[in-house]
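Read through the structures below before going on.
There are two complexes below, and they share chain A, which is joined by chain B in the first and by chain C in the second.
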Partner chain A sequence: MNILVCVKRVPAPGARIVLTDDSQGIDTRHLGFTTSPHEECAVEAAVQLKERHGGTTTVLTLGPPDAVEQLRYSVSVGADRVVLVPADSTEWDPQATASALVEAIKDLEGDSPFDLILFGNESADSGGYQVGIRVARALGRPVISGLKGIEIDGDQMVGRRETDEGFEVYRLPMPAIAAAKEGITLPRYPTLPGRLKSRRAEIHEVPAEMTPGGQEMVSLLKPAEEVTETVILGHGAEAAPGVVRLLEEVGLL
Partner chain B sequence: MTRILVFVDNDRGTLSPSALEALTPAYSLADSLDASLELATVGEGGRAALEPVGLGGYVISHPVLSDYAPEAYGDALAQLVSEEQFSVVISLGDDRGAEVMAHMAAVLDQPLVANVTEIADTEGPDGSWEVIRVRWGGSLLERARLRSDLKFLTIAPHTFPAPEPNGGAGPLTTFVPEIPDSLARTRVVERVKLAEGLTLATAPVVVSGGRGVGSAENFAILEELADLLGGVVGCSRVATNNGWRPHSDQVGQTGTRIAPDLYIACGISGAVQHWVGCMASKQILAINTDPEAPLVTKADYAVIGDLHEILAAVIAEIKARP
Partner chain C sequence: MDFPTSAHVIVIGAGIAGNSVVGHLAEMGWKNIVQIDKGPLPNPGGSTGHASNFCFPVDHSKEMTMLTLDSTRQYAEMDVMVVSGGIEVARAPERMEELRRRMTSATAWGVESHLISPAEVEELVPFINRDIILGGFYSPGVTVVDSLRAGTIMRERAQALDALTVLPNTEVLSMEVRNGAIAAVVTDKGRIETEHLVIACGVWSPRMAEMAGATIPLTPAVHQMIDVGPIPILQATNSEIGYPIVRDMDTYMYERQTAGSMEVGSYAHRPIFHHPNDIPSLGESLLSPTELPFTDEDFDLQMEHALELMPDILSAAEIRYAINGLLSLTPDAMPLLGETVEVKNLWSAAAVWIKEGPGVGKMIAQWMTQGYPEIDPHSSDIARFYRYARNNHHIYARCSEHFNKTYGIVHPREQWESNRRVRTVPAYPRQVELGAVFYEAGGWERPQWYEANAPLVEKYGVEGREHEWDARWWSPIINAEHLAMRESVGMVDLTAFAIFDITGPGVVDYIQKMAVNQCDVRVGRAVYTPLLTETGGFRADLTILRLGEHHYRVISGGGDGARDRYWFRKHLPDDGSVTFVDNTSGVSTVGLWGPNARKVIESLTSDDVSHQGFPYGSVREVNLRGIDTLMLRISYVGELGWEISVSMEQGLQLWDMLWEAGQEWGVVPVGIGVYGTTGRLEKGYRLMGAELESEYNPVEAGLARPKIKRADFIGKGPYLQARAEDPATILCTLTVEDHTSASGIERYMGGNEPILTADGERITDSHGRPSYVTTAGNGPSVGKYLLLAYLPPEHAVEGRELAVMYMNELYPVKVAVVGSTPLFDPANERMRV
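Entry: the complex of A and B
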């Protein structure tokens, strides 16, 4: 089982998002960066499948040189090989991202396609819900989104996704593609040997062209925020009667 | 005349509660563009559910479309759009809407703007449009320009109210696309029902815990309060990542968005990614040692102090009621 996971480096804002003065991005001067949560779970799913069925896990990102941080992290939690598709840090629209990823994937695959390529259901920052599907269409491979469970049965990928009532099952012939949601796995934490390995890991670079699509970011804006006057019901245990009164008012008691 | 198509999903004949939301911005758009508006749904089962909407349009029928099949849905819709020369296609951006529209856009090699909250300008340079769309699960918005002849959009869920059906039965024509049997490779092959009961999404009260709870065992007291109030337990991503709670309990951008009558957030700081999941709650009560925690300052009510001590006192007080 050779598996590829496509991940995106995104900032990790805390209590509030601060925009740059020109509203073209998030002010990241005081922020750390991370891998989108859905994709972090996809990496864990790939590593678990490799542990069960053998093969390799490759993690690829298209992003600025700093995105190597997320690639190294993925090595520390079990990825075997990491690939950077260098890009500037401007906003790439979904079509541009997908066509560059397709180019890079073809380059990596040569004549032997990955059995499975995993994406996140949507990127944490731009949330276009489409890059994985566009890549699958360009490669002519089956794809489902919303993946919440995965098993391999012979040459088929058995995928589950959640519904209001329970879950649905799909069976895709491999090579296949899927876009995973957080919760499909619980990502492990890096071990010390994992960290050491990640520092030495070789970063493969695969170049790709930027071909702009038809969607362009003009600027970012903050949604209107409601200002609330918080009523402090008290401090510590003495607040209990006030809380119970609130529960009665809301109709819960 | 410009023709606008709205894709409305049905699941074996049943509409989800939000299924019709995208019609509301579509009606306004059709008005302002002086365009015709039609709808499309997949499967004969959807006919009875959608005729009361009163719009004309299409029921797309084909044996491969006998159950949800994202690739085949995308191909079928792409064929309808090409043959009938629709120039605008709109759908709700729920799981299936987002997926089907992405397939359609990929097949036709067109851009797709996801989770639009406002169509701000339809008279931009060279026929381009300007729209407002959701980023970061709702913590941020983006002004985006859409440059393409065909305009494909999904509408952010819970942004517009669904319109009242206008009663007149719209004639829905059957459209039979050409779909290779091979596309059945991505069709639902089995459905599993899980036990029904109160869920995070439907409970009237959610007692939620974060890092401040400290351990999986410590959630017992949150469970006890939730039981007394007829609600369920929720959690932050820290609780999920630590293995204290299953992901199905997680509230937020990558968890569940909820709108209970009361949200009780215990030991949760209120990062934006958590806030977007609980901000629709009617009332929020925060319990936190830190009076400056963002969730405390955004909540309607707060109690400052150790959550374990406070929850124990609240439970004792409830049990002591006459």
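Entry: the complex of A and C
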């Protein structure tokens, strides 16, 4: 059971996001970076499948040299092999990303395709929802998005996705592709030995061409901030009149 | 609540420092206190919020230990403290020696501690790898505190006294200064007039000070820590902390239980600094402004070290939290306390760690209330930094150097390596040629000894020191220079002196108010005098020259010059009748002392420099072969001679002239090793910051004069009271009677060691002050190793046999002199010929 997980390096912002002066990106000077949360869960799901069924877990990212940090992190939580597809630090649109990934995946697979390729449902920063599906289409493999549960049944992958009414269950013949959502499983934290092992992990590089896609970002816009203020009505019993007054004001009493 | 428009005092910051200041100000009777923080309560997002909250009481510094012990008492009283105990473990033999030194400091300051074996460490911390440690320094009194809860209690107490308005989520935008004093603070919610302002906002303090045109020289710096768990053996304790905290000293790390996990912190990574303006706001931060993203590549080696020390519990647990936590670092690793030198009534309570927080709060409140705190803030006083040391260039250089020494083994005489040669004297090139070994004082490069004098070691048969630690940052050449000076004549560069020229119609009254001794003397006289605090302890110790009817010159040591400058300026009258000029950078001084000093001077001038013509304690202008000098007949080394001052640009000419003229009379260049230690000790002269502290008064130090001047002066009331009472302690000179250690090596104390009874009991006076070595050094002319120490009257008896502890061993000492009579030349005949 060989699984590939594609992840993206994204900033880890606080409550307030600061844009760069030209509104073309977010100001990351004070920010740390992380793996997009859906993908962090996908890595965990892949590691658990490997632990259950054997095989290897490979994690791939397309990104700047610094994205190695996210690859090493995935090793520290159980990935066996990591691949960097070097890119510049500009945001590639979903089409360009997908076509570069397809190239890289073909290169990695040769004659033996991955049984399963996992993506995050959408990235935490640009949220395009497209890359997994585009890659599946280009490779001619079945795909399921919004994946919230996964099991292996012989040569089939059984995937569950959440809907407003309940769950939908799909059976996909492998090799297959799925885009996972947070909640599919709870990602583990690295251990100290895991972290130390990850520092020594070899980073495989697979080059890819940038083929511009059709999407162009004009600029980022930040919605006006909602300013709220906490007013302390009092402590203990003395707060009661204030609470009553407030409930009256909003018409609940 | 209406937004306040005026306050008696504003405190910026609601971390441990600000909360402690607020609590103590209210307790001391201050009303209308307004406390501002830009963050929410109870955790506004500063360094207190992510602090490890443990308090190791033992420090080699008395000041820091006293602040910590006071804080511990306060945490205990607030019931926010768990006593966990703590162990500093040694991996290397040098560290074991350092732990023995720590035992010595623990004994000096009265903190229970034990040296324990690896097996005993393992008994206390069963998950430690005892195979890699050599032993431990165990302090049962190490505590873990809830610093946020303590802060809330302090605020609530102030509120209960109806003294405090707290304004969280309020950001300071600017400050207003009127007539050199703080006047108002403008926030995003409104403007508040204030009479006093305390900046207690940790890493943001420099930015706040800058708004008023003041400086708080610190840098926010990263301290990395991770939280590793869950760990079953820790979970089983069912408590926040059930095992002693371990400091893995040789890897600069600590391991501290936090409930079911282990916090691993480090001072081993590269120094990482941030500018206060680059700290993200609360909203922009993922965790908090002072919990920055972890840079894991900086922590790899530390993880390996942690795994070595606690492999059984750390290898399976997960890293659940990891931060680059920000804390405050200062150029000399001590806090920044007191009124800023630039703006009146603008105070700093910055670079304060949890362990000393409440003590600092009390100190600042006392300082603001009664003029001076109980614990001498000598090493924490923000005024200690000269201007050159108040910029980021210096701050980064020094903090880069000392960050990794946070758990390091730092020799008490160790010199800084970074940002040196900031202030050099005119004769610097000559001194370099003479092989001067430079030590730093107030930024000045001062020769400690001259390698060119090495042949004198053999001539005088000076012995070296057998133990590397005792010989470190020391040379037998110092003793040889000492003996040569006493035999012929020595030249000591004293350009590092702080020089203040104070003039104007009101100057006599002003100087009289500042100094204890009579300064209304005739023009041309010098007065050696203490300056006291309002509470009657030492604030300074210096020489004041009357150069004119309305002109005094103050000469103080380079090390204390910045603090003294602040003190003099602070007390200048408002009416403009006194003008203060700091002439330190304009004056170069060389001391010429020894039996041949007069012969050298006589060869350079036809002026009468005889004992009658130029008596001791007098000062006058003398032209020495074309150079206008100011000569002061005085001595800190107990020999005939003068301090000779010229304008800075003629300093080199003066040096060369004295050197040349001195050749015939056997002149030797003499370093500060003689001037500051050996010469001074033989004469029993006291040094500010060593013997002289605000915790002692002139009667105890043996510096009370027979008569008291009529004029009023700062501290006069308490001084009169001290004279009327029997002193609780008396400064004595002791001699070491046997230097041989248990392993048969001759050992030499360096200072700060406890003086004990012959059978090893601690000695404290009726005020609880311990007896310890204030200065230690050779007395080459008296053939003894000398210690100065305060002793209570029952022990201050000449001939009394006591002991000094050094590296956790006892050595016999004897009281040689009680009071200030010199051991060498007791009648001062050599100075008065």
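Everything below uses one rule, namely that the second predicted complex is superposed on the first by the 226 of 253 C-alpha atoms of A that agree within 3 Å, B and C clash if a C-alpha of one lies under 4 Å from a C-alpha of the other, contacts with A are read in each partner's own complex, and residues count from 1 in each chain.
Everything below uses one rule, namely that a residue touches a chain if its C-beta (ideal position, glycine included) is under 8 Å from a C-beta of that chain, and two chains touch if they have at least 3 such contacts.
Quantities reported herein were computed from a predicted structural model and do not represent experimental measurements.
Here chain B and chain C are compared by how many residues of chain A each touches, and B touches more. By the touch criterion stated above, A:P13 is placed in contact with chain B and with chain C alike. Of the two partner chains, chain C is the only one that A:L192 touches; chain B does not reach it.
In the superposed model, A:L31 makes contact with chain C only, not with chain B. Chain A residues 13-17, 230 lie at the interface with chain B in one structure and with chain C in the other.
Here chain A touches chain B in the complex through residues 13-17, 26, 37-38, 93-95, 98, 122, 124-130, 133-134, 137-138, 142-146, 161, 163-173, 181-183, 186-187, 213-223, 228, 230-244, 246-247, 250-253, going by the rule given at the top. Within the complex formed with chain A, the residues of chain C that make contact are 40, 169, 228, 278-287, 292-294, 296-297, 300, 303-304, 306-307, 314-320.
Contacts from chain B toward chain A in the complex involve residues 16, 68, 70-71, 93, 95, 98-99, 102-103, 105-107, 110-115, 130, 132, 134-148, 154, 185-194, 196, 204-205, 229-231, 237, 240-241, 243, 246-248, 250, 253-255, 261-262, 269-273, 282-283, 285-286, 291, 294, 296-306, 309-310, 312-314, 316-318, 321. Only residues 12-18, 29-33, 69, 188-193, 195-196, 199, 229-230 of chain A touch chain C when the two sit together in their complex.
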